[in-house]
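Presented below are the structures under discussion, each in the form of structure tokens.
Each of the next two complexes has subunit A plus one other chain: subunit B in the first, subunit C in the second.
Take a look at the complex of A and B:
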């Protein structure tokens, strides 16, 4: 195995560049989820949102040939699941965990079904993933330029959105309402905030971001759709919210770690001979998930502050006595 | 009834000016929740610059009346005027716009937000996306705090503040939002004596500056020191409005509890029965409590309002000893300790001269202690089990109901059928799910389980809370039957009618301390309101 191909000086910049690229779908979903959980909704439908977004993005791009239309459709696909999640969890106040899991199953079944109905067993043609856009001047900075500023436009969009979520949470009235609704919905209500509206908006925002994440995966990276193409990234994103202690920027850092491990395993896989290698490639594919589990367990066990929103997962029913 | 009529507004000492239109006028207010009438034909008015106390027992409708003013509920009947203009609030938001602020008994603050964030939470919504500069808000809050003597550090997290400081935040929030009418629901309930004095002083300062303050309370002593005028509510209607300097704690206690026997037609007989029972000689001491405390009583300012201190009493066989008191004065904690669910910090509990301090609920059960817990749904029933299973679950590991890993369903069923018959529990069959029981029948199940065996001591906490008249009568008769059979009964209750109907001897618990009182409604009512030192005087009158 050629280790220089993995860790050599020439390899490190492409490796980091790929880490960012691979981190984006999970990162978008995870940061959106952190907003949603801060509002008190444990949204387990995230994988379904990503999958629904990925498929909507694929269909739109396939039929129109316009990748940006695909991106918009991806956002819509995620929000479609979000709308259902909001209807069940906020309007009807039913158990959030059950709703989330049911919606993942729905999205998984629906996308697989539609795919087979529309394209049969022969996979549709791949389209070209969206190209890179090197930012002038900044892209010329040695090292950093090629890592950060030589990416798909979707990556820049993702970074802006992630910072936007942090800003919204800490600098806007809506963000304050979100934080209050997640901790003490009763107090928020008494202060004149509509807890239901805040929570529904947070779920929809989470759906939009997860759907965009799915779209990035399909339009920005793969150029195709396959059954369950998101491969559990939505679940990883939920784990990353816990790892990031419900803080969007720390959650984003966790997503980068996931992307880095993913990029690394791809590199090791090819360096060790790909399909020809003695080590089964599934082992490498499992690495990012294993690392995520270990990191989340360690981070949770070591965390001293209790950052979890106090009313996470508890439907808010006006007038009902809670703690 | 009393001869005192509601006073004309001119009597108010406030700066609102005599004869002026009241700031708030509520007329003929009624509010029903289902079949329960919470407020019936109540009048209330408030002037700028006065502290107006709203006094009454638990359930007299004080909080409901103020929730109506604050827009949290809508009245079924009656009118509300602010500055002489009729208003109809659809939500608290409307009331806040009209200059009303309310500080709830349970603070509505978010612990993980700062003081400043809590204060601006929900304000100006929809107008601006960005939050205002939090440093500026904090400075404004601290200015406001200085002006009214309510200093807080506006940058700290609310969760790091003491209860007294959190209350200041609540008051400052109302003032920051421009409240000229401030409603405080039981503001002293969770404060230490020092904090109470401080609060009353500040409120008087605010009133002097023109704020109109409503203080909901049942503490007579605080009313006398803090209020300009006092409106007494009983059973949802206002009984009287009196200036504080023209009344006395005794008169207020009388107004609060009412002189006539109000609740049950049979109460007359009941009280007679109680009187005869008192004369029957009680037996040897069964329960002895000596210097029992839930916390060290050394600190005076930091002490938690729910603790109890240095309690000593004795319950003998064949007598009912009552601990009366308004909720939140330490009786729930005392109940937990006596049932083996909590550990006392100091003191001793003995049963038949044997030390049982720190005994587990199982040991107490085996020693013949029966418990009717105050929270029947959390501690008295398991709703997923059948009625029969509920009736035996405290001895399910004993013969004949259970042996090793097995239970004998036939023994459980026959015991269930027996108790359902004896206690006339209205269910289709003993195998019915306990969650389907009405309040009265649920309590009968609790009662049947506790009383179904021979007891030495019965601890009955709030045994008739929320029950209808028929069920109350049943429970009372069962408790009397236990006493007559030689059981020592400790009754913990908030209900004055129950105290007079059942007690042989009576104590009042107030701020965690016991005061022995004569069996006299006014004396007990006064002691429950904290005017304990005047209890003897009341007995003489």
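Take a look at the complex of A and C:
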């Protein structure tokens, strides 16, 4: 195998560039999920939010030819599942794990149903993914410029949003309310915070970000939709929240690690000769999932403090005994 | 103590209005929840009908086609039972896990590992007697599925790694492992497709007399009373139900919950693994990349719709088995994509949650 093709000086910049690109869909969803979990809602519908966003983005781009309209539709598609998640988890106060899993199934069924209904078995024509936008001056910095500042505009948008979530969570009143709702909902309630409203807002924000993640996947990378195109990225994103100890920036760093693994496995697969390789390509396909499991285990095992929000997954019922 | 660990959604604090302490209270609440489930399932079909109409089909005709194509003849009914068999077996295992509030969503991977290990055993083991081969292969499949589930339980017990995440991610690892095995080491050398060779004759499941369904169904049926007994009458079942109600209190009562979580994961994994090898020895007759059209995920719905009750699992498995087959029927007769049935299945669970909530409010 030609290792220079994977790790050589000429290969390393495109590899890191691809890592960032591949990290963005999962990273957006993961950072949104961290906000949602900090508010106390274990949102397992994330994969469904991404899928719904991916499909809305695909449809809008396919029919209008406007990728940015697709991006907006993707946000809406994610928020649609977010609304349902909020209806169940906040209004009806049902078991969050169950309605989350059911919503993933609902999104998977609805998008597949619509796709087969609208396009039959013949795949619709692929459109060109959104192009790169090299930022002037910064893009000219040797090395870093080509890695960071030569990306699709969606990548820059994602970075701004991720920093925005961190800032909101740690520097605003709303962020304080979110953290209170997730740790001590009873105390938050006593302080005049509407726990229900804060949690619903956090779920919708998470839906918007996951939907955007799905849109980036379709509009910014693939240019097509296939059934269950998100392929477990939403579940990986939930794992990254645990890996990042519920802190948005650490979660985003985890997403980069995931993107790097993905970029690396694609690179090694092609460098090692694909189907003829001695190392089975299925191993590389399984690698991002295996790495995710391992990093979650390591992060959980090594954690000194218990960063998990205290009331994560527990419906808040006003007036009920709280722990 | 005959506390009913009730309902699909039981928040951490048990609702005093629902957890009857006497047997009579248990039965009446169980009848009530049966009624709520029936209403929710009916409502899901109504919503499904609206989708059918939007898709340009006549919903009444479509449902009539579904009914006649599933329960209309002995042959069609046999096909429903073939679909029911794996859902019943996996659903029983998941019912145990979910009762403990251990959310195993990795049954798909556990099934695939059971199929892989059991299938490899059936191909290579020099056993010529059906009476030895079939139980032995079942045990190998169950052991492999149980081992795959054990990983999840171990990670949860040792380092509190969330079982939802680890079990789901392991599905992808299992699928790639199976794909590799049938592409290289176990591949049928003369075939064009990446599939294993056909299983030897002693490893082929006979049919249930009079029906065109393999005897795997009988294994599932036989395990219903076993699971019901274990859950109701043994310390394991009692602790499992107690842990589902309140994990901290169970720990405080001296039960080693970590060990129990691992045990529950092994049990549900073993059921899924056995379902996997039965599919290989039954309908599939060889290892292929699509042994399971998502049985492990559908069985989650089965266990939830059944409210984690063993007998309920049988009814739910038949309902959802028939629905899945009905999806194939209406795709043929009404040109409606069969994935519509997945939407209806998701609606089953969501609407049961709604019905429970409304039922609780009116009491």
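By our rule, the second predicted complex is superposed on the first by the 318 of 323 C-alpha atoms of A that agree within 3 Å, B and C clash if a C-alpha of one lies under 4 Å from a C-alpha of the other, contacts with A are read in each partner's own complex, and residues count from 1 in each chain.
One rule holds in what follows: a contact is a pair of C-beta atoms (placed from the backbone, for glycine too) under 8 Å apart; a residue touches a chain by one contact, two chains touch by 3 or more.
On a predicted model such as this, the values are computed, not experimentally measured, just so you know.
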When the two structures are laid over each other on chain A, which of subunit B and subunit C touches more residues of subunit A?
-> C
Figure out whether A:180 sits in contact with subunit B (first) or subunit C (second), or with both, or with neither.
-> first
Check whether A:286 is in contact with subunit B, with subunit C, with both or with neither, and answer first, second, both or neither.
-> second
Does the superposition put A:128 against subunit B (first), subunit C (second), both, or neither?
-> neither
Taking the superposition as given, does A:106 touch the first partner, subunit B, the second, subunit C, both, or neither?
-> second
Which of the two partners, first being subunit B and second being subunit C, lies in contact with A:300: first, second, both, or neither?
-> second
Determine, under the contact definition given at the top, whether A:171 touches first (subunit B), second (subunit C), both, or neither.
-> first
Shared subunit A contacts, counted only where both subunit B and subunit C touch the same residue | none
Residue ranges of subunit A in contact with subunit C within the complex | 44, 84, 88, 92-95, 97-99, 101-103, 105-106, 108-110, 112-113, 116-117, 227, 232, 235-236, 238-239, 242, 280, 282-283, 285-286, 289-290, 292-293, 296-297, 300-301, 314-315, 317, 320-321
Complex contact set, residues of subunit A against subunit B | 171-177, 179-180, 183-184, 186-188, 190-193, 310
Enumerate the contact residues on subunit B facing subunit A in the complex.
-> 91-93, 96, 104, 107-113, 117, 120-125, 128-131
Contacting residues of subunit C [partner subunit A, same complex] | 8-13, 51, 55, 103, 105, 155, 158-162, 164-166, 168-170, 172-173, 176-177, 179-180, 183-184, 297, 300-301, 304, 336-337, 339-347, 349-350, 353-354, 356-357
